[in-house]
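In the part that follows, the structures are each spelled out as structure tokens.
You will see chain A twice below: alongside chain B first, and alongside chain C after that.
On to the complex of A and B.
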């Protein structure tokens, strides 16, 4: 036989597996443990007063230490968002759903979260939202402790109030 | 509040998986079928390139398709060695120390990537190696149907 088989192998499974050991570091450890107590912690830049959440040890713009830890409210503004219409491997949420950048009140940067309890078309840049937490006893100190954000019904925030906090 | 000076360390092990299922195409598909069904390694004589293993469906020189199937030997010469002393489980193709190698099989004009598991201290560019085939009931039509290469002599 001077030919390979006519009947070819049609597919190969080439799983890429990346095993990580993630070490949180002091500030992220504080932040994650605080979520268990329904608290969101940030850090304040000693030079500019900017508040970063999750907390950073030094500010990326002023390169100054952020030695003060501040507690932030669990409400804020949708600064920008995306309506997801395509299922993503490993994420089991009914489509369509909204993923948003949320600038918590008092924070100078946004965190990511889902926006639920409303229609996707009701979400806008500037929509006021508040966190919906996992119930007591079910929070485990990770970002899923905030199940999602829901609109508060307050008036929309003006663009100037959050354009620098995307 | 001032940030605490001592925080209990926190870490987590996690695994990111990209479950790719790839379509092989006509040429790679028959190359893999040759490994599985015939325990043979097939290349293709491609204009301007000689015998290419594993084969392409086209020439990398002039992009023309076509080529004649040529069986090559399952022995060859190592052209490059990279030893992995401490493999990462699930990431690397072996749980114990191994070496990535390029092997230019006898009859081929290109070298193909594979692994060597044993006698790593003796392994050199220029070493002669031979394919170790997976048993008949374990060959699935993948490059791992060649379990590894081993030094000859």
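On to the complex of A and C.
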């Protein structure tokens, strides 16, 4: 009885259960709902006029309210991008593929998306792109409603035109 | 006590405390509160040179949760920021220390926790040791019940006594427009509410609630310009005990006692009776009685017996928004001493003792002494 057990218990397994439901908040709720209608919404800073997308309640730089909601076009320019050559957890896309930061026309911050329907080497900083949406009836009000962006074939934007949005 | 730097509370704002705010994320709840607190202190964000938040990743369900509120606390041009994974009352303490080190002169302290998005019962269970305690499924209510039971056995206080303490807080809460439960309920009625975990009844426990809070602190020289009636910090100390619940005497609070002794010494006061207002971070009637013992206050059972007014806000029994509960006690001290407590204001109050707690069964305790005059000349 006084002998320690020969096989020691080295660890215990505890399966943590922590349920959460994240509230979108009225601003993001508007944005997500609009995606279903193939619309992209932003909000405008009352102090600087900067347009944030997705819409923010307040501007990070001016600490001012952004109560005005504005609609943005679903096209813009690739400001910066990378070419993914290794499989990423949770994503099943044929390699290599392009992930880009896209500054929508009229927005002061970028959103992120894939660039497809072209070769990775055809994507450049300044390439003009437009959104390719999931078909009607399949959009569910989340970011996957924009399947990807594709090049429009327009001339690429000069660096000076978007350098402030990098 | 050597001379320290005079630091004052000069502004406060909070969001309404509700069971669930389905329209706002945590940062969105906090933003208007920060703006209001700055407005109350007559300053702009650029006039603030330090900021600190108190929050919990487990409450919010995300890693490094504090980083989500950078934008709404103000992070541009790049600011000095810190964070405590504790009630924001401890964030206020960290700011006070920073001001003693003369690293800042005006600061904001924020509390936030989107309690309704997660499950407090699960989260608070994980605050315990995983081998012996968490695996039993203990949560805050059950550990508080173990404590209440032990206290009742030792002190002789019965169910009616707990009901009386709860009723007194509910009556106070009815006069506090900023708390969550704002209806007075008699002890007899509370005693009829069902047991949640015996001996604690539904009427002896706080509701689930969430809010966002922001307190503005400033050092002398600035504080007087920011507030008509700054409330000065005369003394503060915090102490912690074992996590292992079985290794502590649950019927008393040694850490509160020691923190109070040190805070009183710093403040140059003899004891709690030098204050006109005492605000306790007690989430059950038993905790309040244990804290009263630790501070040297009468139990208050069987009629009032003079001495300071205890829990004019209604205490956390009327609102316990996690991560904000302690900072709200400090806010009550500020409101009471600066003439901002409205109907519940204690007339002529010049000194307040404020307490906040963290962990299971009063594991960690902070005690502040606040005054209407500067402590050091």
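Operating definition for what follows: the second predicted complex is superposed on the first by the 146 of 166 C-alpha atoms of A that agree within 3 Å, B and C clash if a C-alpha of one lies under 4 Å from a C-alpha of the other, contacts with A are read in each partner's own complex, and residues count from 1 in each chain.
Simple rule for what comes next: a contact is a pair of C-beta atoms (placed from the backbone, for glycine too) under 8 Å apart; a residue touches a chain by one contact, two chains touch by 3 or more.
These numbers were taken from a predicted model, which means no experiment stands behind them.
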| said: Looking at A:32 after the superposition, I want to know if it touches chain B, chain C, both of them or none. Which is it: first, second, both, neither? | reply: first
| request: Mind working out whether A:69 is in touch with chain B, chain C, both or neither, as first, second, both or neither? | output: first
| said: Just checking: does A:4 make contact with chain B only, chain C only, both, or neither of them? Give me first, second, both or neither. | reply: first
| query | A:45 contacts which: chain B (first), chain C (second), both, neither? | reply | neither
| task | For A:115, select first, second, both or neither according to whether it touches chain B, chain C, the two together, or no partner. | result | neither
| query | Given the touch rule stated above, what does A:20 touch, chain B (first), chain C (second), both, or neither? | reply | both
| message | Between chain C and chain B, which one touches more residues of chain A when both complexes sit on the common chain A? | response | B
| said: Quick check on the superposed pair: does A:61 touch chain B, chain C, both, or neither? Answer first, second, both or neither. | reply: second
| remark: The shared contact residues of chain A with chain B and chain C are 12, 14, 16-24, 26-28
| Quick one: in the complex, what on chain A touches chain B? | 1-24, 26-30, 32-33, 43, 55, 67-70, 89, 141
| request: Flag every residue of chain A that touches chain C in the complex, lowest number first. | output: 12, 14, 16-28, 56-58, 60-63
| remark: In the complex, chain B touches chain A at residues 1-4, 7-24, 26, 28-34, 36-38, 40, 42, 69, 71, 88-91, 141-142
| query | Within the complex, which stretch of chain C touches chain A? | reply | 21-25, 27-28, 31, 35, 45, 58, 61, 70-72, 74-76, 114, 116-119, 122-123, 126, 130-131, 134-135
